[in-house]
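Two complexes are shown next, each including chain A; its partner changes from chain B in the first to chain C in the second.
This part shows the complex of A and B:
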């Protein structure tokens, strides 16, 4: 391998760092804003305080919307796994045009504009009485987060040697035993990755949530949206910080579990 | 370890994939405690037979009987067969110990028994003390042993092996061949072994079945197949062979004479079955049966010498389009000239169906 000339290395580092800053700055600016003592958002804050955290945690509406979001995201994640893992396994065994058709169907929620899906769901939800209900929201989010589970699990499945199942079967294992003891441990990183994506997608989703929300059912992003239209206070930054921290924690957790499993990577 | 070898019988078992017949209706018997090898080129149907016995494939027709019980409709998990896969198919997320224990855990054997059986199996394949290693950290030869231990620990009725040495280098392969053979002789477990390597088949087997295009061409001991092959395919697949093409000139009482274009005299030899006067046939002479520098014989010239260590192979030109390979000990008397007299005993010539 040859070493690039100095000017090229400096250029590369500058560009890469600029790109990283571009991605990170919006996220990193909202966190200091949440520790602001003033009643409006200013950057950087002149006086730091936890007063907006206190306000957030003492306001039953904020707390209940955070709880709603956590519940919806958890249910959506579990439902996406329950549907997505079998779907990915079935996809893995499909070949030919059938595979392409099913693949397109599963990926459709990623391609179709979310506002279109949201309108369709709202319309369908009105007729079935699901608008404004917990399970309506969960179902709506599951449609959108399912592709992440199928894709992640599908990638893990590609590394599965079909002879493992055959070996397990030859040693006396039934299909369920073989799945639990041989397949599942080997696709665990994909399952975990899919679960994290599904959770965060639902936790952070706002378009479908706006359409399907009801008076007693407001997720955190919906509540942020409503508040921000009336007044732009640092309490919104607090909510945003909660979301960032949770997402970051989940990603780090997933990464740690993956590294523990494959110490080489 | 109990040594009850079970008998396996295939009764007119066939298998087709769509239009293609992968295995023609075949009868095959593995005697209790026998080491039977299926030898053939790729696509000859040997792995199909193995998968039929294991239950990974259902036969298109026929029955499979193990120890008197019809297992044709049983799934693999209820057949109690120990399979060693070509790529070993070890579970990468489990330690050596847990890989070997897998079949016992499925059977819900008590912990103490699992412990005892697994350490016994690991000792059998000389992997004591390796139980806690992950399989990915093992060498190919060690992985092969883990696969063997995993198959043996469940006390299978039949041990099935699908080209298990294919991924090993030559030196290791020879060593493992002998180990598998010794293990078999010590425990006499019925074994069905699939390979395309004639040396493996010769070293390990009690009997060898030679397959071609989904059909067993011949089955017998290594010596029977080598000395009295049924046809030219078997002769050429097992060992080195000289095959001379010609027409049957005469046929009587198990002896035949072959007219070979380019040879001044007819070739006499023992006749295989289904030959007829005037029909094409081939004469088989093994290279070690060809003698050079005899007092009497056919004149020939040496056109090539290949040094093989203990042997030297000579390519001899006898006439227009007629060449023979001869193998002699490399330390035998050097040949004075490139012109030699070539002879052989008619007892060592077999006239075969082409």
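This part shows the complex of A and C:
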């Protein structure tokens, strides 16, 4: 709207920036709350300290839940890649109703309400002994993060000129050699993007984790959920700050990958 | 073809075993009930308490959807206007919250809406209220939290529609003597409507099944169907009724998805993260 008059531009900038503030400020307000010296949550804090960071790092339950989350997210990311990359390559070759059906099954976990998926997995987990186990949690999270790997790798695959593979074939390369030297380098950014998102999805996820945690496997969000429901303590703000910092680092990483994928844009 | 099939085998097998099978097993509990599936469903839908929860879920989802569309529109419009670094910065500000756990985003509102929290203090300072009001554990709190979490999902489809509007159309409207307001109402707004519907559909779909935010911000009075399902499973261990409630929710989502499918390009929306 290059023709917009001044009052319209001012109005647009004001409302858009107000919306942006509403979107970002609450999230950012957690960080100062975590450096609070008082024994209750105070925003903004009157006195700053590292008191709650010390408490977090000295509490074996908090530290082990952070470690559990990192392990589950790593395993979930690797499993999502192992299943998702071949799926994306196969999807690229499929056409017609077969493609639509496979696509629907892959995207279904994003559409079915998470609470329904969580209850179903909990039910199945109770009967297979997977509730409260590391692999139960990893399997559950992988269902939800797999679509992101398939979508991201799929976008990279569509950008590959099919004649490159044919050229490799014509020059005598076998299917595996041509995959390794032609396809893989070109989908690497998509793979990395999908991997990063699969990791953060698992690390952030609460609903499925709540049901699959049982008594033995508490991820960081599960532990936060339990503490929040009991008391309102600044140590939760510390845990939340850790989650924000990790998400920010991975977000920057994903954007750097994206810039390499389409330089100049 | 055989090679393609082999490539898909692990992934498809995984989804059937870990996603489809548990769902069927869980929904099967409805049919395993002694009085029969139809009776469990009938009892669920006939209960006035459950009907109230269903009604509440829909009302919250509709309110949140409308609010998200209204708040997201100017954000999307600005995103479609700016170029270069400003564009990237703004886009990242919209995308970044999607990387933050819903639990963390909800927790931030628990701090803000608390009795002695910043929002109450701000309202007191402005003398809009005389004593702190109950914002946390209220229906209003649920709305604020859900709107906050779901706005980015509305921004992206609206932005996609706005970006495709040919600026020549706006110039032509201007050249033909239309006022800026007329150009907005007759050209810009109608052309952006597919995006608004797409964003609204996505937000409504997600809002229907929301659990974490209403469970933490809403107290006992603002129960949604997801909270009901969770309590049926983990507190009352009533699997048949939980399966019935889940079936009702999943059916509502499926019906809505079929109706709104022309506005939704699900793969693209979620990949934007």
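Keep in mind that, in the parts below, the second predicted complex is superposed on the first by the 256 of 265 C-alpha atoms of A that agree within 3 Å, B and C clash if a C-alpha of one lies under 4 Å from a C-alpha of the other, contacts with A are read in each partner's own complex, and residues count from 1 in each chain.
In the analysis below, a residue touches a chain if its C-beta (ideal position, glycine included) is under 8 Å from a C-beta of that chain, and two chains touch if they have at least 3 such contacts.
Computed from a predicted structure; not experimentally measured.
Going by the contact rule stated at the top, is it chain B or chain C that touches a larger number of residues on chain A?
Here the partner covering more residues of chain A is C.
Looking at A:172 after the superposition, I want to know if it touches chain B, chain C, both of them or none. Which is it: first, second, both, neither?
first
When the two structures are overlaid on chain A, which partner does A:110 contact: first (chain B), second (chain C), both, or neither?
second
Identify the partner contact of A:148: answer first if only chain B is touched, second if only chain C is, both if each is, neither if none is.
It touches chain C, and chain B stays clear.
Just checking: does A:216 make contact with chain B only, chain C only, both, or neither of them? Give me first, second, both or neither.
So A:216 meets neither chain B nor chain C here.
Counting only touches as set out at the top, which of chain B and chain C does A:185 meet: first, second, both, neither?
first
Looking at the overlay, what does A:164 touch: chain B (first), chain C (second), both, or neither?
The answer is first: A:164 touches chain B but not chain C.
Please name which positions on chain B make contact with chain A in the complex.
Counting only chain B, the residues touching chain A are 54, 56, 75-83, 85, 87, 89-93, 102-103, 106-107, 150, 154.
What part of chain A is in contact with chain B in the complex they form?
Listed in rising order, the residues of chain A that touch chain B are 161, 163-164, 166-174, 177, 181-182, 185-186, 261.
For the complex, which residues does chain A have touching chain C?
1-5, 8, 12-13, 15-16, 19-20, 22-24, 26-27, 29-30, 33, 41, 43-44, 82-84, 86-87, 89-90, 93-94, 102-103, 105-117, 119-125, 127, 139-140, 142-143, 146-148, 150-152, 154-155, 175, 197, 200, 203-207, 211, 221, 224-225, 228-229, 232, 236-237, 240, 243-244, 247-248, 250-251, 255
Spell out the residues on chain C that touch chain A in their complex, using ranges where they run on.
By the definition above, chain C touches chain A via 3-5, 7-8, 10-12, 14-15, 18-23, 25-27, 29, 71-72, 74-75, 77-78, 81, 90, 92-97, 99-105, 107-112, 114, 117-118, 148, 151-152, 167, 170-171, 174, 180, 183-184, 188, 205, 208-209, 211-212, 216, 226, 229-230, 233-234, 239, 242, 246, 249-250, 253, 257, 266-267, 270-271, 273.
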